[in-house]
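Take a look at the structures below.
Two complexes follow with chain A in common, the first pairing it with chain B and the second with chain C.
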Partner chain A sequence: MNTLLSEEQRDALQELMNISMGQAANALARLISAKITLSIPKISAVTPHKFLAMLTKRTVWYTRQSFLGAIKGEVVAILSKDGCDAIALLMDYDLPLTQDTLNELLLELANILAGACLAGFAEQLSLKAKLSMPTIFMPAALRVEQYRWASTLIMEVEFKVEASHFDSKIVICLEEASVQTLLATLQQLLE
Partner chain B sequence: MPIPVTIADDSLMSRKAVRRAFPIEWEVDITEACDGKQALAAVESGKAEVLFLDLTMPELDGFGVLKYLHEHHTKTVVIVISADIQPEAKRLVDSLGAFRFLQKPLQSEQLREVLFEVGLI
Partner chain C sequence: MSHQVLLQKLTSRLPLGICVVNKEYQIVYLNDFFTDRLRHVGGDVYNKNLLDLYPEAAKYLAKKINSVFVLNNASFSYWEHKPHVFNFSSSRPITGEETLMYQNIEFFPLDILHDSVETVCVVVQDVTELASYYRAQRALSEELEQEHKALTELNKKLEAAQNQLLQSEKMAAIGQLAAGVAHEINNPVGFVSSNLQSLQDYNAKLFKMIHFYRKLIQKINNPTYLALEKDMLQRQQYVFVSSDLPELIRESIDGLERVAVIVKNLKLFSHVDNSEWQFADIVEGLENTLKIAVNQIKYKATMHCNYQENLPKLYCQPMQLNQVFLNLLVNSAQAIENKGDIFIDVSATKEMLYVAIRDTGSGIAPDNLRKIFEPFFTTKPVGQGTGLGLSLSYSIIKKHKGEILVESTLNEGSCFTLQLPFLAPEDYQLDQAADAASFQP
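So, the complex of A and B:
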């Protein structure tokens, strides 16, 4: 990946991510009236094997949403089980959460974070990408062959909700052809 | 006489975006800073009558720069351009005496309005 991305391109991608995540964090912060801390976006290339290895934690929930358009890929939201109740309360859910209301909460959070994040990303690049509805994702049931991409660009950022233990990670995975589209568009922003 | 302005942002792309958003007729002498310390150095050496300031930067962040300028009663007009647009960040920026808070991605129309309000164009 270091050879695929120049320093300038990496900078540009990180900044695009920063801006998109800033919008996502703002959407969530206003909804729950709490401050959100964002990590510096991490950009890397992974194989499906490595990617699946990222998805084996028992302390988190996963959701996935695919997107189609000028760029194609998937957004995976990784939401900590820890602190989920606190967020549920802030979002006016009744405790204890049932399986149904938990799923609803996770999908709602995924939609806010991934939706705002992908929208911001596509908008800045003037690329169209349509996000599907999120689904709860059970990585354990997934096999490597089910992944259509060979090696891909992964952009991840971490959201932490201040004064609670909740944190979440949004991972955008792009298909290989989309990486080329992305880099070509980035070039225009760098001129 | 061109006005000395400084663009402080650790992202090259964002510094370029700010340059691109400047009105063409605006005569400026641009200095670029990649972190808060460089931004303050630019202010100290008279290169920043207007400072376009990012908040998330290494060494010294934008809040640190604002705090220093606020405490030292510097006359620099600070326009914050930030990706962190949460209410809390805005409040803090306001209390530290920034002239305006603009959100990224920067829209050239918005920048023009602000420059007009300050009487710079």
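So, the complex of A and C:
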């Protein structure tokens, strides 16, 4: 299935991801002073169909954020609706959350997680990437036909704040051309 | 131009606010965007504390800047959530409707020494134009939504009005038809009825004569004549004819009487028989009607009457309303199969009189509920109902500018509620004039 990557490359990438995600979890934990657990990073190649199928849950919020630099792409954060209030308290927001403060919280959370993930990841590979502002993402209106890419590499990792039943997933999606850059850099590291 | 001068010129002309602070929030750099807008620039701003310069935003700024120092990661502030972090006045002081500048702000780590952030850069973007455009759009779409809602509501009302119009048009057409038919039928029914009365009379006379002749023959007591008479009576089936003929005539008279009742109802329905308008006591009318209907009710239902005290008099056509009460009561009694209850409840508010007649009868099937006020619609066995009772009631209540409402559950019973407004005689005058004009006997 992952024809883009060899087994060796995949293992190396996963290892890199593991390190950078650990840094991200650490960052979040420091900010909200709560214990964070994270999943093993999952790396896969997806088609637009599979990509959209990932974005159909009704129990979560989505944000998106693009990054530019040596590698380009977007980070999609998937944040559970459950536990948002608890996180809001930890992050010093006033309850109950209004639509505006909820959006603010989601964007801030997404930015912290995505920023930490990407920074760690880019640093490991010595590739520069700068994140832009995150925005709330409503994937419901998306159509497969709108996509101009055939296949892309995504890297996902889950963060859980156990005490508050909060669950989030960060998905780094690479632009097609950036996959080659990534592979070339990876190859150099392996040699 | 040296590189430094170029940069200096550039940052002074950039349409962005740029501010660099250290860990103590002391200002390391501030571009013209900021300094131009600082109201009380007491000398040099450098080394001043950013939080002191903007005390109203201090808490928020500290939180944001701190997170950058701690996480070594950019942080953003959106105009949608925090529109005016820095109290900069609007970039459109004359033509703009907004008084403060809408801002998007990015906080990012600038100098990083050994993985530790030394300075944070704050970049402020003026998005007043965008924000006001966006807000105008949103207000517009809200307005559209409201209008759409109002239109939908209006459409619904229109539809209801149209349905009502259709119903009343149908009623009017049927009314005219009924008036014509009633008039045409009345004449033949009249002479057939009087002929039948005469026939009944003559018939009685003829039988008396036959009786007399038979007695005469018996007196004569001639065996030949007696045999002849017996043969004749047998051949003409005298015994059967003599018993059947009076019955036939009686049945015909009965039938004709029923026709007369139907015609009378039709006339009432078409308002050909105008009855007088006056102030009347509704409870009195109800009680009178109950006396008339008592024979049809007493074996079927127990009456439970509840009248509000001191009810004001209603300007109405009392006889017509009594007709409505009668129809409803008879319907209720007929809906009860074995034994049940009928509840009458009369109450009033300042504007409206309510008469509710509820029974524990068989109820009305939902499919029929829409049709019960249509003329000639009946579920009663042939001969029991004309299908005019409720449509007649409907038109009478409409004439009183009232409403007749039905609630019914199959096998549990029905409740008819009359809503009659307390109106003054003037309110009905126009209608009466129109009625008089269309009244062509």
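What we mean here is this: the second predicted complex is superposed on the first by the 184 of 191 C-alpha atoms of A that agree within 3 Å, B and C clash if a C-alpha of one lies under 4 Å from a C-alpha of the other, contacts with A are read in each partner's own complex, and residues count from 1 in each chain.
By our rule, a residue touches a chain if its C-beta (ideal position, glycine included) is under 8 Å from a C-beta of that chain, and two chains touch if they have at least 3 such contacts.
Keep in mind the model is a prediction, meaning the values are calculated, not measured.
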Superposition on chain A - do chain B and chain C clash or fit: fit
Which superposed partner A:Pro48 touches (first chain B, second chain C, both, neither): neither
Which of chain B and chain C A:Gly73 touches, first, second, both or neither: neither
Contacts of A:Leu190 with chain B and chain C, given as first, second, both or neither: first
Partner chain in contact with A:Arg30 - chain B first, chain C second, else both or neither: both
Touched partner set for A:Asp92, first chain B, second chain C, both or neither: second
First (chain B), second (chain C), both or neither touched by A:Asp100: second
Overlay on shared chain A, then closest C-alpha pair between chain B and chain C (Å): 11
Chain B/chain C common contact set on chain A: 30
Touch list for chain A against partner chain B, complex: 8, 11-12, 14-16, 18-19, 21-23, 25-26, 29-30, 35-36, 38, 123-124, 189-190
Contact set on chain B toward chain A in their complex: 11-14, 16-17, 56, 82-88, 103-105
Complex contacts: residues of chain A adjacent to chain C: 27, 30-31, 92, 100-101, 103-104, 107-108, 111-112, 115-116, 119, 131, 133-134
Of all residues in chain C, those that touch chain A in their complex: 63, 67, 70-76, 78, 80-82, 104, 106
